[in-house]
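Dropping a structure here in structure tokens format, bear with me for questions.
As written, the chain order gives the labels A, B, C and D, with residue 1 at the start of each chain.
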Amino acid sequence: MAEHPTPTRDEVVAYLRERRNWGRWGADDQRGAINLITPEKRVEAAGLVRSGRSVSLSRDFPTIPGRHNPMPAQHFVRVMENGVVDYYGIVYHGYVATHVDALCHVWDGEGMWNGRDPAKEISSNGARFGAIDQWRDGITTRGVLLDIPKLRGEDFVTIERPIHGWELEAAAKAQGVSVGAGDAIVVYGGREKWQAAHPEWSGYRPPSPGLHASCLPFLRDHDVSVLVWDLMDAAPNEYGLPWTMHAAIFCYGVALVDNALVQPLAEACAEEGRYEFMLTFAPMPVIGGTGSPVNPLALL
Amino acid sequence: MAEHPTPTRDEVVAYLRERRNWGRWGADDQRGAINLITPEKRVEAAGLVRSGRSVSLSRDFPTIPGRHNPMPAQHFVRVMENGVVDYYGIVYHGYVATHVDALCHVWDGEGMWNGRDPAKEISSNGARFGAIDQWRDGITTRGVLLDIPKLRGEDFVTIERPIHGWELEAAAKAQGVSVGAGDAIVVYGGREKWQAAHPEWSGYRPPSPGLHASCLPFLRDHDVSVLVWDLMDAAPNEYGLPWTMHAAIFCYGVALVDNALVQPLAEACAEEGRYEFMLTFAPMPVIGGTGSPVNPLALL
Amino acid sequence: MAEHPTPTRDEVVAYLRERRNWGRWGADDQRGAINLITPEKRVEAAGLVRSGRSVSLSRDFPTIPGRHNPMPAQHFVRVMENGVVDYYGIVYHGYVATHVDALCHVWDGEGMWNGRDPAKEISSNGARFGAIDQWRDGITTRGVLLDIPKLRGEDFVTIERPIHGWELEAAAKAQGVSVGAGDAIVVYGGREKWQAAHPEWSGYRPPSPGLHASCLPFLRDHDVSVLVWDLMDAAPNEYGLPWTMHAAIFCYGVALVDNALVQPLAEACAEEGRYEFMLTFAPMPVIGGTGSPVNPLALL
Amino acid sequence: MAEHPTPTRDEVVAYLRERRNWGRWGADDQRGAINLITPEKRVEAAGLVRSGRSVSLSRDFPTIPGRHNPMPAQHFVRVMENGVVDYYGIVYHGYVATHVDALCHVWDGEGMWNGRDPAKEISSNGARFGAIDQWRDGITTRGVLLDIPKLRGEDFVTIERPIHGWELEAAAKAQGVSVGAGDAIVVYGGREKWQAAHPEWSGYRPPSPGLHASCLPFLRDHDVSVLVWDLMDAAPNEYGLPWTMHAAIFCYGVALVDNALVQPLAEACAEEGRYEFMLTFAPMPVIGGTGSPVNPLALL
């Protein structure tokens, strides 16, 4: 890896500040890199549906308490004479539920998406800017799987060796697939196998395996619109920054789909011998919401 | 309408008992008419994405209390130093939230889907049969809009004149579109305009405009897999049955998407002059859940 | 009523600003007028338990939706093999649930209790000052019922004629009871009868019958610690103030118990011919909470 | 301890079946041993308030996730212009929240309280018999602390040595206090110190220190109405019974207050040199509810 030096703190800060997309789609834009998903892009994505296989990228709705799930979701059922209804309650952010983050979800001292001031835009009533309802028309685009364990010849990514940006390039090359503007990348890190091998681990207690800050330029260089991942930011980061990969939300306007279940898609791609597909999901349109549980579909 | 007699009670009961799909996909089948959506069907659906326009069929997440929303959803926000998270809680069944019903959601004295006994399959822990997680791989198929107000030359359907089965046929014919096995039909009744004109109305207090039991054979004859609608069962029904159109869930195995927002799609179809499209949505995989809020997308 | 002029806006503002208790128990005090309830006061209160009758002052936990209850509480049940558990969820503030307000619950442009700045003390994580956990040791004191319908010879208080301060004095006198430092007053307005006669009414839509701002000096003059009431602030107030009676929270440090069920106590007092008793309740100790559902008991 | 043989399984079964209070207050009684708390008893209890000290017996509302709290309560805050409100949600049963169990909460193969059939009385809509609203008028009676660590000269009770019935007698004798009909006993086991010394322990994972089945006759012999405890049933029990001490609910009609915070009361009693006091609490009147979070007060 001598040819791939780890970026310095100054370099990472430069990824975030010098390359950010603020103003790129107008000062009032609230859709970010999702603007890159044009109608033509959606038609292109639909053209990738060939075998018709549908693969869910969602983990179970997390109702079961435990070390991995310190704030389990609520599921309660009411049985009636001729039917049954139920109640779902969830704090979906965190390290368990599959969900999409809205552009308002995170920020740093420089501000939130498009340079807005979170003190003005965010309150306990929700977000006035960059809320999840901005993406209510859904996100349907070309998806590309990047299988890092396959690249490494291992079952899962480890804490000692986070996923680096050059590996995303290498995985694409090894798989014979390119990444272009408006694409969703689905980065497989082997989470379910990692968890099975490390039952004591929970994302709520660092350290965690995941993507290193060096992956940020990959997103920006290729104009990626969506990052779907099973493992998230490698943590803790050595730069002392509040956010590394999650900064792609407020700096680049990228939609992050956290805690995806990627293993079945990795297996399907390996079986079909192709790594591109149609990816589609749509958040619940919660006015002012900071994200949404989603069940993204990969259609091969 | 002399040529279209309203079915008798015996005829409606026959729709439900003599034509039901129990056993059609095996005694243990939990996926119902979704089985008709084959990989080939999904490829066909993807082929309908031509202009690339994406239209959401979901109403707002219903947090605002009021006559139309007697059990509003919970949305609470927690602001932190560099980010914001929130809590969503909802009883999504009812007449407000856009949601899909699982096959376990309703039944009558004959039993639930595939003839199972709800007393054995349903408890306050959830459903052991026909739960929403059975459809976790999502539902992606050809969608067909049937625009009843347009057929009638009116703004919305009224209580006095529910939507009848022959009108579904007539709408398809007028629009030059056919309905086939595995399709999703999206029946537009003009709900948002109806509500604007009838601010006192709420689906929780009958009577309600909607689909008459005479629409049941349409679903069964055409082997429809999914019914998406903005207005639901015309209520009360004159037959004294616990369920009329909702019986399509447990008799035919059809997926119902209740309280859809159909007006924007009706406008888009009229603009583009075509009434077929790709329809896609995926429920939250709640183990044992009776349905899920969804945001279905129509891709034209 | 010529001898009882309604106070001017300047007079009401003076009630709030000139007579406030800020600093009275120290600049950092978070217990307010509850400081007046000394151990001796609790012993005195216990001495009032003579017949041993126990009367609840709590309305039902408000799970039933409806005009009067636009945000119903959640109650869901889970049945197991040898037992049953349930989930309670509630936004208890408002006009339905019986609850106590913490000192942090409301404020005006002058600040919150003890002159603190709500922008500094309140966040979506809760209150750092004046939260309900400050009263975790409970509130047990002498209670005095003031029965206004009885005084007026009517069933309930009306919108046209709010309860005025001189009526509180008159009721005490008519009932032969005095009010002293540290006491809880329980003001009966006939709410349940009012609601039965006005099914369209909901406190969420003014106007509402209740206590006029002229009652503020009564609280302050007598050093009342707790105000328990079934009808709340007469609304709207003619002064354009954000809060009138509720200002007793942040100006005087008084504990307000909103939406109490007072009718059974009014009947019990009339039967026993006495209007003083032991009043006791204790909030759930929610760290940072803004109040708590409570079931106050009057022990006669 | 040779003189105190541990009861055999047959003896424990006899405690439950031969001595149960079914029918004692009528076949339809839903209040159980709370019937023993007469108005006279409440007057007697009030007479015990001498120093006027008020001690809360409630632990914090359990919002903080962790090993000890696998299903944390929900607390969310909404800040407005001149005030702040919040949402509380909780599954209060379990080993964390201080709460009272209703008579409907548990049962065994013999039935629930008064011999009723849980299959008929309990559903996902709640309990039709023995629900918490039956005690809406509150529970105010004489309380007696029994300090087991003090008796043993240790800081807390251990798993190896559960609390036995003869120790309850011995503690009362050592403290110079008797226990009579209608009393509440508050059994101190040293939970907070136990937890501090055993950070890995959680009641959700047996074994647990607590009260042995041999304590059942103490409750029945003395006609105790309420059992308040910090540690609960010693677990697992060696008899293979679904419930041992918790069986006091459905066999004797006793109100159990689980997870009480007893240490401050133990310290107060030691300071004042007396072990009897007024105990008072009142559940939230949830129609059909299986219990309620409570903050019991001991007034010395």
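Here, contacts are C-beta pairs under 8 Å (C-beta built on N, C-alpha and C of every residue); 3 or more make two chains touch, one makes a residue touch a chain.
Since we're looking at a predicted model, the values are computed, not measured.
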item: Same-residue or different-residue interface between chain A and chain C, half as cut-off; value: same
item: Superposition rotation for chain A onto chain B, Cα-based, multiple of 5°; value: 180
item: Pair joined by the larger number of C-beta contacts - B-D, A-D; value: A-D
item: Whole-Å gap between the CA centroids of chain A and chain B; value: 30
item: Where chain A and chain D are represented by their mean Cα positions, the distance between them in whole Å; value: 47
item: Where chain C touches two or more other chains at once, by residue number; value: 74, 76-79, 87, 89, 91, 123-125
item: Chain-level touch network, classified as line, ring, star, complete or other; value: complete
item: Interfacial residue positions of chain D with respect to chain A in the complex; value: 65-67, 70-72, 74, 77-80, 89, 123-125
item: Of all residues in chain D, those that touch chain B in their complex; value: 74, 76-78, 87, 89, 123-124
item: Residues of chain B touching chain A in the complex; value: 38-43, 45-47, 49-56, 58-61, 63, 74-79, 81-94, 104-108, 118, 122-127, 133, 136-138, 140, 242-243, 278, 280-297, 299
